[in-house]
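For reference, chains read A, B, C and D in written order, and residue numbers begin at 1 within each chain.
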Amino acid sequence: MALYNDIVMDHFLNPKNVGELENPDGTGVYGSPVCGDMMQIQIKVDGEKITDAKFKTFGCGSAIASSSMATSMIIGKTIEEALEVTNKEIIDNLGGLPPVKVHCSVLADKAIKNAIYDYAQKNGKHYAALEGYDPNADEDDDHGDIEE
Amino acid sequence: MRNVYLDYSATTPVKEEVLKEMIPYFTEKFGNPSSLYDKGLESKDAVTHAREQVAALINAKPAEIYFTAGGTESDNWAVFGACEKLKSKGNHIITTKIEHHAMLHSCAFLEKQGYEVTYLDIDKDGFIDLKQLEDAITDKTILISVMLVNNEIGTIQPIKEVAAIAKKHGILIHTDAVQGLGNLPIDVKDLGVDLMSVSSHKIYGPKGSGALYIRKGVSISNYLHGGAQENRRRAGTENLAGIVGFGKAAEIAKNNLENHIKHCSELRNYLKDRIIAEIPDTYVNGTMEKRHPGNLNITFKYIEGESILLLLNQFGISVSTGSACSSTSLEPSHVLSALGVPVEMIHGTVRFTVGDFTTKEDIDYVVDNLKTIVAKLREISSVNSTKGW
Amino acid sequence: MRNVYLDYSATTPVKEEVLKEMIPYFTEKFGNPSSLYDKGLESKDAVTHAREQVAALINAKPAEIYFTAGGTESDNWAVFGACEKLKSKGNHIITTKIEHHAMLHSCAFLEKQGYEVTYLDIDKDGFIDLKQLEDAITDKTILISVMLVNNEIGTIQPIKEVAAIAKKHGILIHTDAVQGLGNLPIDVKDLGVDLMSVSSHKIYGPKGSGALYIRKGVSISNYLHGGAQENRRRAGTENLAGIVGFGKAAEIAKNNLENHIKHCSELRNYLKDRIIAEIPDTYVNGTMEKRHPGNLNITFKYIEGESILLLLNQFGISVSTGSACSSTSLEPSHVLSALGVPVEMIHGTVRFTVGDFTTKEDIDYVVDNLKTIVAKLREISSVNSTKGW
Amino acid sequence: MALYNDIVMDHFLNPKNVGELENPDGTGVYGSPVCGDMMQIQIKVDGEKITDAKFKTFGCGSAIASSSMATSMIIGKTIEEALEVTNKEIIDNLGGLPPVKVHCSVLADKAIKNAIYDYAQKNGKHYAALEGYDPNADEDDDHGDIEE
């Protein structure tokens, strides 16, 4: 049993959409180096469609793989559709993540939402799914407690 | 693909000569050492011989060596056995912030039972402060436990001085020498310790075999209760082949000590020099003086350790991101925290340990790949030297 | 000279197939199972596989198997872990007078801590009385521990009934199945036990390897504290090759169970029949029903066991005078005492255990020599049938 | 390391002076089967000289060896000389005994004294070494306690 499955390893070893966009329409950052993972996702929006996305990630294998998968998933989707992407779907598309690594998919999910939030703010857009959304809320406190 | 194992502090391969000694004790000379017939006595002799071999490595008397199932059991026995024995005298233990989990989790358990534990700090080089130690002593202090060599940053603590302080105050002194054994000369008489933990699988012996040195005249409670093995102090049918293997490994370690230290420190220094010179934004954690000869602990700024580990693994290179035990946990290393390394940099830390089978070509192979890998991950990373953290 | 080993209950040789599985895990596949690189994961897989093999032998889930350093550690963990966990609920343990020292000395230790222990009697056949068990239960009872198979007289206790009583009263139930494993079908689900100790070296696996079965949902305190191994419940670098060997031995034991039982009981019965028929004043201790298939425990009146053992040893025959652990002690066996055997007859008692490598020729060789030896010692003895004791 | 040395093993495997005398001048018994060892030593006395001795022993290897050695040592000695034999000398002549087996030599020593005591009683003899001697006193409580 390897630590990660082949899909995760492939996205980790050959990540898609690495980098930064020239003139991003929205930039989302989530996590912090102190927690061991920090992700930046940028999107290019044309009409309501996400035409491009890039990421930069400080983090472990599954954080990088999740970033790669998440960006791949939203390219071509409308904003509304992208907002419906859940961390569960990211995990499913990756063919599963070890329990202690689930939070990486949450990170990716949040980074996407933050990028869209940024886009919405800058362009005066409103999306139902972002109603009351707090880009800095910490939804990820599942750090796998040590019990003994 | 080349296979380069640089995690000798996590565990070592059993040397061929060691395995060769062990083999007959599985199938042929399998008698229970407690049995009175020849097949039992032959096994007892083998255990006696191994006891002499292990004793010789640390200048102990054979009767002071008690075989256990490994370093963890030895640590648990030392701390629980001492506390149980001395509970009427006091309830205070002094140890350090950088002990192995075998010690720290045992202490945490004792805290729940009402014991008080002082965890000594380390300075930026990785050493405890003897003044802080002495100040921490109270009339309730029953045990001082300071590790000889740290498993993550390899620093060698001044145990002789610690033992002298303990002795001055009439306090029992234990040292976890699991990482020290075979990696520096150890003389228990000279060190002056009462109890010392060692483990076979860190010195090219089999896993699941270790020992607790208990100085003659020192009495602690038993921890594994049952049969009369180990002079009635540690019950359980002896791990016969494991003990024979540990003995042989100890003998080899003794004969090979000087070479081993020279070989490892040369390669380790070469690895360090190349990394520091050729990869920017890299830092060594802990002093290079008074350090485990094979240990190198490096922070690669702006990237994360597990990613480095996984990419190195793609090239057949084995390293660790901290102690082996904590590597499946997300907690940042308690040792690097105690050293004052910022948390974001702890996440980018890799431990390399070279050993007897490491070659210069291995090191070159590792550095060459490491350069590409670090560059690639920094390319991906959301933090960098211009952006900052 | 012929070599006849008839002490399989003390320990067994490692089978060739078992050793063959183990070898690579010393030198080649030596990675620490906690490490994240391939060499570590490969080791982890090996441990996982062994866990499945051991689980299969007792119909447990793999996740219910926790590897330890042997039967003694498993017994200690079970009793100390249960007591620690449940100390707020009560301080009373029920066990039997015929447990292994791993249990009895642990209980004695707990008595010194203020625990109360009831030691159940056995009847003249060697069985506990379920009525006495149920009567002994109080609202302070937190653990019942009854061994599945006794190591001296081989009697198989009614654990299923014991577990039912424990369950009825909501009390944790542990069984020491060290002598039972591989010698009778064991189904933990059917037995209904919460905790069960097993050991590798009694089933043709290596010494220093064992396991504690902990039923899913049952929680006891840890006993060895440290790293996150064994799902955070038993710390210490895994005895990798020892675990692999235990797994393989368990697999073989499962496949071979029926044959093994038939082979051993036939030879054991043949040995018994010949001794009883051909050597006067000999008695079997414990019933022949519900008994370990290889175990025979015989009292030779008017002579002393160690003398018999030593003379048999002269002919290359290995037997024991009681449990292996007590054989260096002069104390008469606590098991035979509990069975009501007069002390002078306990001194004349020998345990024979046959195993997979025993042949009919071995038995004939043993009986032939035994006849001469017993006659010779009776000739020397100061007591005999006319003089009486 | 064998359990016993070669001398002990030889006296155990080929014990000297096994048996009972036709008309013994003194018979001493010591120990009991309950303790695991019981020794009977008989002597034949001519004048003050022990001309023959035989033993019968229920016991372990070292008990039998000690009996054999003890009887061999007293044959040819005067009673006074035989009374001077100590368990230490028996052990020394045996080339040593394991610590837990020292009591076997004590047993042999006591059995000799008891045989001489019996002879003295029957013949109205007095020996300084037997002044106040109690043939049933238990000098042997060194049964190797279990400590833990």
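Things to note:
The criterion applied here is as follows: a contact is a pair of C-beta atoms (placed from the backbone, for glycine too) under 8 Å apart; a residue touches a chain by one contact, two chains touch by 3 or more.
Just so we're clear, the structure is a prediction, and the values are computed from it rather than from any experiment.
By residue number, over half of the contacts seen at C-D repeat in one listed pair from A-C, A-B or B-D, namely A-B. Looking at A-C alongside A-B, one finds more C-beta pairs in contact between the chains of A-B.
Distance between chain centres (mean CA atoms), subunit B to subunit D: 56 Å.
The distance from the centre of subunit A to the centre of subunit B, with each centre set as the mean of the Cα atoms, comes to 40 Å.
Separating the CA-averaged centres of subunit B and subunit C is a span of 34 Å. Multi-chain contact residues of subunit C (touching two or more other chains): 36, 38, 105, 108-109, 222, 225, 228, 306, 310, 328-329. Shown for subunit A are the residues that touch two or more other chains, namely 3, 146, 148. Interface residues of subunit A facing subunit B in the complex, by the touch rule stated above, are 3-4, 12-13, 15, 18, 29, 32-34, 36-40, 55-61, 63-64, 100, 143-144, 146, 148. Interface of subunit B with subunit A (complex): residues 105, 108-109, 302-307, 310-311, 314, 328-332, 343-344, 347, 379-383, 389.
The touching residues of subunit D, counted against subunit B in their complex, run 1-3, 146-148. Per the touch definition, subunit B reaches subunit D in the complex via residues 36, 38, 41, 44-45, 48, 222, 225, 228, 232. Partner subunit C is touched in their complex by these residues of subunit B: 5, 7, 10-16, 19, 22-23, 26-28, 30-32, 34-40, 69-73, 75-76, 100-103, 105-106, 108-109, 199, 201, 206-209, 222-229, 235-242, 306, 309-310, 312-313, 317-321, 323-329.
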